[in-house]
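Since the structure comes first, as structure tokens, the remarks are kept for the end.
By written order: A, B, C and D. Residues from 1 in each chain.
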Amino acid sequence: MDPIKDAMTHKSRSAKIEARGHLISLACISLIVAVVLAIFFFVASRGLATFFTNKINLWDFLSKSTWEPAVKDAHGNPQVGALPMIVGSFGVTFLSAVVATPFAVGAAIFMTEISPNLGKKILQPVIELLVGIPSVVYGFIGLSVIVPIIRTVFGGTGFGILAGTFVLFVMILPTVTSMTVDALKSVPRHYREASLALGGTRWQTISRVVLRAAMPGILTGVVFGMARAFGEALAVQMVIGNAALLPKDLISPASTLTSVLTSGIGNTVMGSLDNNALWSLALLLLLMSLAFNLLIRWIGKKGEMK
Amino acid sequence: MQNYSLDDRYIKDLDPAKHEFAITTNDVKVFYGDNEAVHGVSLPFERYKITALIGASGSGKSTFLRSLNRMNDNIEGSRVTGEIMYRGLDINSNNIDVYEMRKHIGMVFQRPNPFAKSIYDNITFAPKRFGEKRKEVLDEMVETSLKQAALWDQVKDNLNQSGLALSGGQQQRLCIARAIAMKPDVLLMDEPASALDPISTSTIEDTMMQLKDKYTIIIVTHNMQQAARISDYTAFFYSGQAIEFDETRKIFTRPKIKATDDYVSGHFG
Amino acid sequence: MKKLLGLLALISLTLLAACGAQSSSGESITAVGSSALQPLVEAAAEQYQSDNLGVFINVQGGGSGTGLSQIQQGAVQIGNSDLFAEEKSGIQAKKLVDHRVAVVGITPIVNKKVGVKNLTVTQLRQLFTGEITNWKQVGGKNLPVVVVNRAQGSGTRATFERWVMNGRQPMAAQEQDSTGMVRSIVASTPGAVSYVAFSYVDNTVMAPSLDGVTPTDQHVTTNAWPIWSYEHMYTKGQPTGLTKKFLAYIQSPKMQTKLVAKMGYIPVTAMKVQRDHAGNVVHN
Amino acid sequence: MSAKSIDKFMTGVLYAVAGIIVLLLAGLLGYILFQGLPHVSWHFLTSPAKSFEAGGGIGIQLFNSFYLLLLSMVISVPLALGAGIYLAEYARDNWLTDVIRTAIEILSSLPSVVVGLFGFLVFVLQFGFGFSILSGALALTMFNLPLLTRNVEDSLRQVGFAQREAGLALGLSRWETVIHVVIPEALPGILTGMILGAGRVFGEAAALIYTAGQSAPALNFADWNPLDIASPLNPFRPAETLAVHIWKINSEGIQPDAAAVSAGASAVLIIAVLAFNVLARWGGNRLYKRMTAG
């Protein structure tokens, strides 16, 4: 019989390698997904216990503003109102995004449109270095530099949302910048050429053509940055003051979901209400992270449709 | 441009007694999702001959070519039906080992795609993976295939140079050498010269003429002069269908179908 | 890639082998919990290990809550806590055996600029409930009061609230979960008030006296200074083996007088009173 | 203002923005190094920490940081490669892949203390690894995997599809083509991502407090048998890393020179992260040149 014909009707070594490779990679991804599911399950089971085992009203949890799980109120109910932390988390997240976005977009335009050479040689490494600085160090600097500055300029203790915003601004700047750079780079060259050929100045080209075309990408970057800010714990915890109070202004101590979670988790007993309530905060963080991701996807889809 | 009927077709019948076929296809259809890109093509490909597939862009000729060694398998959402007979087996069926089959039906692509490896490794990479470890055999293989691809004289002193450092035409010949190092039966070429300058093109054409002693070549080309110069048979594709198949000479002098006539005489395309 | 996978397999094998071999390489115990107690236990463990080769005592922090819940689950051999197990919700104290290894006195600290050297317990309480908002109300400078509390559930806070707040709730204020942070915030924030263990008081902050009693070890031993707590090392049931030996070692008079005192804790042996979890004081 | 002068003005603004960012980094680095470098000495880098006396060093912590990093990279790199290959090469474009991607993204935005506690309950207690380098490495793996996987996937996608077709047309499997052709070509990008990830791992504290632990028992640097408890290589010993050490002395340190140790350790940490970055840049560029130019 024809040996080639014979070989073709049997499984070749390549086919076996392929099957094995496919399996290996599938196993890797499955493992990761399993880990994520395990964490999800783990956080959800503890976080939901607050509502099912300890019978806390979900609405109270989201809307009340006293966070004293260990202390009962006048009716004998534990006080687990997470509103101050929710407001604090959203506050620092949005404010830092608002401050960071102009800087990030400016830096990205500088790197792609104004001076790609300087951008590549100086700004790019600078941005990457900012990513690498550990959050402990950011917190340390925030505590020893930013907080005193705020205290001297605005009065008060210096701790609060403003300090958190400054620290987070530096921390999310690299994320937003590098994603904006990618978005700007993906705008086809002929858009720019067309605008310049029509007599537009460089800035007109950038503001009317390039930025507009890159908008979905930039938005994705901003949301990514916000997701990062929302989940950041150590650095924010060191400068925000950790007071479970509804923030009155930007310079009085406030708290975020992560800061309360991080500082309280070691002091509570597994399975107790105090502990479960903290896991509810973690669950909230997870859901928010999911929401941010869905938002990014949605923006991406919108961008594609255009 | 006018519309031509897809039913108006002429496929020359080659007598199996007089011609030996490398591949024959029967009612091959290619779908991308719900879209049928190739509508039931049946063609014979004679052994040790060059068959050219010509036609306008989007006529389905490249898609059809890619289904001959099942490269479309890797495109998500694509599906090929019909028979592709090779050595008496329908290679479009599930029980064929597609990797083994591709060793015998090789392919050269439109854009040169050498690996980011040295010239030597570009050629020996696949044979080594298939178990050939003997240095002298590999050396010999490199020399022979580079000679066949008319590249040996230019690179023999620099075999450790990266394949990507070669010029476009040289890269494409390296890809041809890489394909023939596998000693395939059939070589599928998807517009191998379209990205190249005229001088490189003519070198590659010369290479093909020499290769046809040992290989069956099926080439997709946009360039009608090229088809006329090098091929023995020509199939004209129009709108996902093979409209006319005949000896090249006849296609270019006395086409039987109006669409072919209009295309080869430059009225559309 | 293949090499990489091979390497990975090799390493996991080594780990497995190590896993199997580990149990046989000498005795080892783990103590987890209170970060306030951690330095002492660590130092004691270090000395014990250098005196007794081949044993291994693993000391970790994580907070009193972690210590108590882990010892309750039997996941570790010793659970360190700043609080009586009875004081912590979610802990069945009856199953745990208490070993008191040291006493920690807790003192209020204020920023040096407030100009107050003495407070009454009532004043201190009112500072934390928010009834006193300016230092001039207690005879200090015209500075707004900035309360820095400890994290909810921390042992230091529980002790402080128990002996100062008299059942009142402190106002919601800035909270910090670590002593070092509290001290540096009080040191740098005008008008700040908080509380730390005696050993953390340094010249960057001021520790006022309370009803005329100064925060000294001497006053703690007689209960004249009431804000103090035991440092507990809990075991699940009576300790055995290495755990027992190590606990005896750390409670021995030699260690109590030398190490415990040197590290800024008050030796249990120096106490002239005893106090139970309900707060009843018995003079020795 | 005319369009021209607006253009000039905006260009100036953009230069200013770029300048501010550069100054920001310079200020950050300058501050940390200025505060910390005076405390860094050979003695500081090599001697063990002291729990309540002055004069402690960070020798063991430094070693632990590197060993932990190595171990977590050994675990996470193959996994990330496998998962990245799956996403770039095999995953179909459907809802399931979307779910997988979202799951990975979520893992990357989890606060690390949650990862640490999960690691504590699963690795330390459930699997019985105790407070150990191994538990820490596994927790760091969870923390590091999402970014590495994304990086691998992106790097693989950067390599044109033509390379895969070239391999497939020679009768090679997709897997072989990816492993032997696509990955070497994507290596500079993958490597850069890994080294940047390493920097992040190096600076991580919260995930390690509950897994690798906060104590650094004395090590016997003459004993390289990974099964001995005092051996530096033993993956089952607790290991405080540099970042955790900084966190610990800042929170409960009673050493008289805690502030100095903390500043010095921060400077060392930053220098290490800087070194990772420079290495990533230099190594990536070199590899890239070698792969393309030949």
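By definition in this document, a contact is a pair of C-beta atoms (placed from the backbone, for glycine too) under 8 Å apart; a residue touches a chain by one contact, two chains touch by 3 or more.
Please read all numbers here as calculations on a predicted model, not as lab measurements.
Looking at the partners of chain A and chain C together, the chains they share are D.
More C-beta pairs touch across one of C-D and A-D than the other; that pair is A-D. Taking the mean of each chain's C-alpha atoms, the chain closest to the overall C-alpha centroid is D.
Chain C and chain D have Cα centroids separated by 33 Å.
Annotation: 18 Å between the Cα-based centres of chain A and chain D.
Rounded to whole angstrom units, the spacing between the C-alpha centres of chain B and chain D is 48. Between the Cα centres of chain B and chain C there is a gap of 79 Å.
Residue positions of chain C touching 2 or more other chains, listed in rising order: 35, 61-62, 66, 73, 177, 181.
Multi-chain contact residues of chain A, defined as those touching 2 or more other chains: 12, 14-15, 18, 262, 265. Taken residue by residue, chain D touches two or more other chains at 78, 81, 171-174, 176, 179, 250, whereas all remaining positions touch fewer. The touch graph of these protein chains has some other shape, matching none of line, ring, star or complete.
Residue ranges of chain B in contact with chain A, taken from their complex: 87-89, 91, 95-101, 104, 130-131, 185. On chain C, the positions that touch chain D within their shared complex are 1, 4-5, 7-8, 11, 14-15, 17-19, 21-22, 25-26, 28, 30, 32, 35-36, 38-39, 42-43, 46, 49, 56, 58-62, 66, 70, 73, 75, 177-181, 199-200, 262-264.
Listed in rising order, the residues of chain D touching chain B in the complex are 92-93, 160, 162-174, 176, 180-181, 184-185, 291-294. Against chain D, in their complex, chain A makes its touches with residues 12, 14-15, 17-18, 20-22, 24-29, 31-33, 35-40, 42-43, 102-103, 106-107, 109-111, 114-115, 118-119, 122-123, 125-137, 140-141, 145, 170, 173, 200-204, 206-207, 227-228, 230-234, 258, 261-262, 265, 282, 285-286, 289-290, 292-294, 296-297. Interface residues of chain A facing chain B in the complex, by the touch rule stated above, are 2, 4-5, 7-15, 18.
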